[in-house]
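Let me begin by handing over the structure; questions about it come next.
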């Protein structure tokens, strides 16, 4: 039975695991670099599912699914590059590259000018 | 006998897509003239859009399908990417164009440094164009790219203010958007694996009630609900919407959130409607109710004007979520969602832009110190109030029409269902009433200082566009109550899976 | 043979998951980045196993080159920012009052010691980060493991659908090229590719909107190794980029891969910088990053007016048109990637 | 013959997985980066072996691009860690004050490991 496992059937399971693993990292870690890496790992999981679907069975691989993956990778790289630039920008403003939970300045009630 | 030939409509659809991409591209290539490109291009785009609506309404009764479908590159689905233009899409394009035009005229006064304009205008046109392309797209993968274009430009616009809150809000917004998009893409991948097509209409014909469709629905709709800031995935909204530049806040609350609901509705109508079960209806109803109450309470205690308006978006999105359980029980009620999106979009854009005007004039937007400026700026207070009245749903406004339709659909849904579901439906109807009451409270909180006695001080200078555009949007929101019939006429011609 | 390949697959998948896990669990950012680069390498091998050499090519260009360089330069910038002595003229009067100090990666929270060793550690302290908090650990674990299980169960029910492969094969003769993926990207689904170019452009615009970069002064190097390596690599990279662009019509390759390789060449130059780099004219730069998409749309407009739809062209002209579009796209992508690496917009744009 | 090639590729893969120990433990950034570079070399080997084993000549191109672009990360690393950086890192709205660059790294980072 295990002999009949072709990569197209096997890898999507790995893709699903990568997606979940990335999601776990995205939720649990606070540092933005790690969160961006987590999103990228999630994306790789999705691409693995797509490419697995493309390669299933004995027919030649499906060029449409492969082309979609290529487009998806480019979109992911663009988003990553922008996210990194935004991280640096945020760090320059706050001195931290983490998203602090809790209220932000605009949500606080008091303001020096009010007194 | 219709006068518009199918070719004209196909041309119009392609031209809408080309303009939605071409204007932002030109503005990006030549940001030194981007403001001019936007202020010339957007009105022309609206004229073209109105012409397309006319053509469409003229030709629609004679068409064998309720949508214009254009296979780009000359390739029909499933091989190519299809643009899908129907009544629903046209309605959303109109909303987008109206909010974007008002925002542009507003931004003309709001963004006043040359360097700021060069960064703002290309991104602003990308947001408008990206949303247009999203609405026009009829292909699951193509939707993923348009979602990313719209979110990336929105995030960059939020960060443009440059203060800590704005950049923090932008970062949260970006992460939630990326998560939502990836979830959507994984759902699309599963659908492609099962059915071998990506075109939404073809998927609708093939889809069954199997595990793939269920999982894909959970991933795609879950991702979109996250982007639409539905409770409990709403935490990012207030920061992002409140700290963005005012025209951007208007566009985000008025149109971007609505576009996510548009997409949920579109997917629901075409593919996922067979999945609707009472259990799902109860879940969505509870989420909507929770958003309504929680968002309103936050709006009641938020310290700043723009944050009040942003939390009000969370609450109003609760209303739209409440419409979904009703349309699970009573499928013909779906136009309610569009009415809500329209009424809320115009009214909320008006309120946020008016809040931006107040903020600019006063130099801040802390609720407890805005009295003097509000008392001196009647036009802006009128826009705040009129937009607010539509949000509350007082008779004759667009908000009233939307809520009336929602209640009517709720009662119709209750008529032909089980006793337990009748109880739930009754609860949702009560929630709609309660939500209006809470909305009244936070709207009054915004405008009440204007009517108290005290010092008057108009504050800093604001441009004419910043005074008149919120008012125009608010009047539009109110007038929706009268123009509802024509919207219904347009929505009749929408692709709905059999 | 089959069993050997299957073993290979299992080891590779286990390696991928392990590397990803350690990467995300890392408390040291530099280690996380190196693990991520390794992850990209393993991913490229996985794509090869899935018979997707095009994607492996893209992954090699991105994972090994572009993303790695972007991540490393970002770490460097973060380190500079966090080691900067904070003065009163800084934007924030005080660091955010953090009720979550254990959660925040404050550089000051680094191991304490005497001042001298702290200064020596400063560079690394800025790149270390707190481990994930214990609170909520189990809920997240249950949710994500449950999601993975559901996804796998769904995948297990799916039949082997041939997808659109037969349809693509049927239409290859009119596509203008001999390589399936290029036919899909530049002809059958060219709208996706046009929007993808828009997305790359938008990332550049977004990064530019955040701030300006400084002048790019020459960076003296103490030894001959770096300039020598760059002098050797640069021509090879350019030739490879052009080759990939040309190969795309009949073999794995294409605009994005070529653009990434050329972009990497640009990044090399900007890294080595034996001479001061002139700040390019911002007007030319703006047109350069947009040109690919603009050209694509302009050619596509022909179909809008001549019929039947946007982005249509006669099949006998398909090959030259696709080559023109790909060339434009390659140059714009390469330029945007270099701009993203350098950082903000040109200071001259604001004058 | 093919079996041998696949086995060799599998062996190289295992060497990468063993090499991960150096990435995880460091101790210095240089050790980690150098290991990643060696992975790149093994990766090129794996790609070439698989290319012959599976009869996919296009993998030679992939290997070429890999070999070429792995250098970029290395140069980016060397540039920042091995050489003095002049003032003015990019992307500063306001030029920051000049500061001494961080010294070479080899402090014990194991304290951060579990």
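We just call them A, B, C and D in the order they show up, numbering each chain from 1.
Please note the rule applied: a contact is a pair of C-beta atoms (placed from the backbone, for glycine too) under 8 Å apart; a residue touches a chain by one contact, two chains touch by 3 or more.
All values reported here derive from a predicted model rather than from experimental measurement.
Colleague: By Cα centroids, which chain is closest to the centre of the whole protein?
Modeller: Centroid comparison flags A as closest.
Colleague: Could you quickly compare B-C and A-B and let me know which has more C-beta contacts?
Modeller: Between the chain pairs B-C and A-B, B-C carries more contacts.
Colleague: Chain B to chain C: how many Å between their CA centres?
Modeller: So the centroids are 31 Å from each other.
Colleague: Would you mind pulling out the distance in Å between where the CA atoms of chain A average out and where those of chain B do?
Modeller: Computed from C-alpha means, the inter-chain centre distance equals 26 Å.
Colleague: Please report how many Å separate the Cα centroid of chain C from that of chain D, as a whole number.
Modeller: 16
Colleague: Which whole number of Å gives the spacing of the CA centres of chain B and chain D?
Modeller: So the centre of chain B lies 45 Å away from the centre of chain D.
Colleague: Residues of chain B that contact two or more other chains, please.
Modeller: Only 79, 141, 145, 148, 152, 155-156, 159, 164, 186, 190, 192-193 qualify.
Colleague: If I count partner chains per residue in chain A, which residues reach a count of at least 2?
Modeller: 12, 19, 23, 49, 53, 56, 64-65, 68, 71, 75, 78-79, 82, 85-89, 92-94, 100
Colleague: On chain D, where are the residues touching two or more other chains?
Modeller: Residues 91-93 of chain D touch two or more partner chains.
Colleague: Where on chain B does chain C make contact in their complex?
Modeller: So the residues of chain B in touch with chain C come to 7, 10-11, 14-15, 17-18, 21-22, 24-26, 28-32, 70-75, 78-81, 114-115, 118-120, 122-123, 126, 133, 141-142, 145-146, 148-149, 152-153, 155-156, 159-160, 164, 186, 190, 192-197, 210-212, 214-215.
Colleague: Note which residues of chain B are touching chain A in the complex, please.
Modeller: By the definition above, chain B touches chain A via 79, 141, 144-145, 148, 152, 155-156, 159, 162-165, 167-172, 174-175, 178-179, 182, 185-186, 189-190, 192-193, 198, 238-239, 242-243, 302-304, 306-307, 364, 366, 368-369.
Colleague: Using the touch definition from the top, list the residues of chain C that touch chain B in their complex.
Modeller: Where chain C meets chain B, its residues are 91-92, 150-151, 153-155, 157-159, 161-164, 167-168, 171, 187-192, 194-196, 198-199, 201-203, 205-206, 208-210, 283, 286-287, 289-291, 293-294, 297, 300-301, 303-304, 307-312, 345, 349-350.
Colleague: Along chain C, where are the residues that touch chain A in the complex?
Modeller: Interface residues on the chain C side: 2-3, 5-6, 9-10, 13, 16-17, 20-21, 23-26, 29, 32-33, 36, 39, 43, 46-47, 49-52, 54-55, 58-59, 62, 66-67, 70-71, 74-75, 77-78, 81-82, 86, 90-92, 95-96, 98-100, 103-106, 129-130, 132-133, 136-137, 140-141, 144-145, 147-148, 151-152, 155, 158, 160-165, 168-169, 180-181, 183-185, 188-189, 192-193, 196, 199-200, 202-203, 206-207, 210-211, 254, 256, 337, 340, 343.
Colleague: Spell out the part of chain A that touches chain C in their complex, as residue ranges.
Modeller: Interface residues on the chain A side: 2-3, 5, 7-8, 10-14, 16-25, 27-31, 33-34, 37-38, 40-41, 44, 47-49, 51-57, 59-71, 73-75, 77-82, 84-89, 91-98, 100-102.
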